[in-house]
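First the structure, in the form of structure tokens, and then the observations on it.
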Amino acid sequence: MKHLLAIEKLSRDEIEAILDRAESFAEVGRRDIKKVPTLRGRTVVTLFYESSTRTSSSFELAAKRLSADLVSVKAAGSSVDKGESLKDTVATLSAYDPAAIVIRHPYAGAAQMVAGWTEAAVVNAGDGKHEHPSQALLDVYTLRRRLGSLDGRRIWIVGDVLHSRVARSNLIAFQRMGAEVTVCGPPTLIPRGIEELGCEVSHSLEAIGEADVVYALRMQQERMSESFVPSLREYAATFQIDTRRLNPRQLLMHPGPVNRGVELSGEAIDSPQSLIVEQVAAGLVVRMAILYELLAGGERPAPVPDEESSPTPIGQPA
Amino acid sequence: MKHLLAIEKLSRDEIEAILDRAESFAEVGRRDIKKVPTLRGRTVVTLFYESSTRTSSSFELAAKRLSADLVSVKAAGSSVDKGESLKDTVATLSAYDPAAIVIRHPYAGAAQMVAGWTEAAVVNAGDGKHEHPSQALLDVYTLRRRLGSLDGRRIWIVGDVLHSRVARSNLIAFQRMGAEVTVCGPPTLIPRGIEELGCEVSHSLEAIGEADVVYALRMQQERMSESFVPSLREYAATFQIDTRRLNPRQLLMHPGPVNRGVELSGEAIDSPQSLIVEQVAAGLVVRMAILYELLAGGERPAPVPDEESSPTPIGQPA
Amino acid sequence: MKHLLAIEKLSRDEIEAILDRAESFAEVGRRDIKKVPTLRGRTVVTLFYESSTRTSSSFELAAKRLSADLVSVKAAGSSVDKGESLKDTVATLSAYDPAAIVIRHPYAGAAQMVAGWTEAAVVNAGDGKHEHPSQALLDVYTLRRRLGSLDGRRIWIVGDVLHSRVARSNLIAFQRMGAEVTVCGPPTLIPRGIEELGCEVSHSLEAIGEADVVYALRMQQERMSESFVPSLREYAATFQIDTRRLNPRQLLMHPGPVNRGVELSGEAIDSPQSLIVEQVAAGLVVRMAILYELLAGGERPAPVPDEESSPTPIGQPA
């Protein structure tokens, strides 16, 4: 594996290799010195064209815990803005001979393009409405720890599926790990033809009781002015996940940051069945694992016994 | 000591323990390698909802000199802005299992609330008009180095006492260390009933000759438009500390950044009796000491002989 | 050498000492662990009053690869903005006892002033229209690697010479290393009397075929509104360097970031004769060398055999 551009390109075995690696970093995280020397003297660049404290700080801390040197470029407000093309920016940063470039960009396909312009390993930290593979991996990791396996589990993804790269990456990843996925939201926020990806579609929460896991998406304020939904209040009335709609054996997830009182009620967020904080913790160790697999994977003696070379059915991707 | 939330909660002995620890870090600062491995592999988060280069860089460098990994979140312009509550942001950052969270926030009591939401040690780096305890500690440290002891010293705090968390924390700290404090400023900028904290009040600089130390506060531009004072010029005419009003044996302090020509004259700032630069230097070692006491304090063999277990009278706090 | 303020003050020998040192860091950059412990436990401050991702990230990574602790202050949007004078900001940062302060400032002479206010070594990372010495050093380094020597080479500097500190520093540096320099651009963008610096002046690209090296300058958008040129399109028609105007044995340079399609055509940027990416790579090792020479230069056993103590003629500076 040279780059991490899309979940779509990963086999179940490749996903599980990353998750197993992440388990070993979770063990490091329980030590007093939460740090390994793996990437000492190597450089990791983070290049964010959209602000995201959560994702960037997670990647940055992951790089630091691997002892890498970090170059963190926030493109908004930087000279990157002064009309320089993405290609030239990448050429510039590549001149530092980084081991990896972690890129967040508003255009779908940006990470793929970057991979064509640099010797560095490229990690897609979100490209437009396309993919956000590290999010999907951390979500699968979180669920695997709770459930043991995703095989046969039912997962509902609720909210603005249309604009969400998280929905897209997670739909693929959950299915590849053996889960059955339903996407749910108002018709204006569900992309036409999404059934072709092998999922069910629902336009109400009526049957949500069947879900083992409810994965709520962030409702962006700007969708209101674009009239995808009549109002946030209206949206919340019909699609908010609260403790009445959720039953106590269902698990609740959200990629964050949460709009309290919109897609989730405060009570639901704070309930014991919410995995939101575990997702963030998973993000750190999964991103350490991603950097490790890309940058040091070849050198590794498998530190974790390989998952039994199981003939489990590969989830059917799109 | 689990958190540092307010000077109000520290005994004189606790204050002195931090100052003694800071002395030992001042010694480290005179070495060529100004760094100790104490917090290697541990994470310190700085979370600033108000910009403050001075305080944030001081805490960040303190963390680095203790070899911690740093996650620095500037809330303005970050996803923290996207409607996420403070509670959820703290839950997110806590998922990284940081050893400490250093928080600056515009609401009084924010640090205290954060302490209820995280396992990390919380350091209040300024919460609204409430407290700024690390500032008070570095000021006491600076004076103790110059004067040996604060017992019986007279300290005037001059300026916008009403809006100043520095005034509040320092008033408490100076008194607790045995000093006598007078607050001075126009009636509009002195809180009613402040005498109950045990200080004197003056509305003119007439008697400032009695002070051993003059502590000038920053005059915020925005107070003008709110008509607390007629104009900066008017304020300066009456309350500016200059070299005519200051006599050569008085010490001058200011928390920075200074408005040259408003609360202080340029000459006064640059005079040998000004301790302003020493305060900044003190800030670094005192913040190293705070992090050390909170995060590694239990492990310590006392590196500095304890101050004689002196029966000196504890300053009378509010 | 205590500070690096201006190329004007460096002798050819001093320039070559820095370039030789940079060669040794280029060797470090080819290792797996691209890091040396030279500045461990010492502090480097970067203080940027103008944004420049390229220059700041280059200096910051250089400091990290030397194992320094970094304090990075971006003055825009920081408390530095709150009316604090440069002098007071420098006094504040100097209180951390940094080994070096790297400053970018819009006023010519700012770095020189800073050097008078601090014990730290000061590196001028660009001061108004005055100088940008590290840029000149990295450009000379890049050319020396390609050409062996600059003696007798013809270098054309094309574009907005009037507003460019890069033009000024490079003109001096190229000449001092033995090259012959022509500056080229519309009369509105060439400073009167520049011939006195010993260069030729041209107002068209007609004779550019004589150049061994074409060094294009960045065309700032804001010059348009100030009517130095009729329009960017007009400028590009007359002065853009493209592959028709460039012949294949000429080398092309640019300080970046490039405006594709304005001062350079896309084809020219991407051609094999373009050294733009090499310049960025050179920037890192040259800045490591600058910090090394200023901060650890005294300790050094010459790691590279000294260039033959050659009696080569010193280029005639202004």
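First chain written, first letter: the chains are A, B and C, and each begins at residue 1.
The rule we apply is simple: a contact is a pair of C-beta atoms (placed from the backbone, for glycine too) under 8 Å apart; a residue touches a chain by one contact, two chains touch by 3 or more.
It should be emphasised that the depicted structure is a prediction, and the values quoted were computed from it without experimental measurement.
Viewed as a network of touching protein chains, the structure reduces to a complete graph with every chain in contact with every other.
Counting the residue numbers that touch the partner chain, chain B and chain C have less than half of them in common.
Inter-chain centre distance (chain B to chain C, centres taken as mean C-alpha positions): 40 Å.
Not a single residue position of chain C touches two or more of the other chains.
Interface of chain B with chain C (complex): residues 29, 31-35, 51-54, 57-58, 60-61, 64-65, 221, 256-260, 269, 276-281, 283-284. On the side of chain A, the complex with chain C involves touching residues 40-43, 69-71, 73, 77-80, 82-85, 88-89, 91-97.
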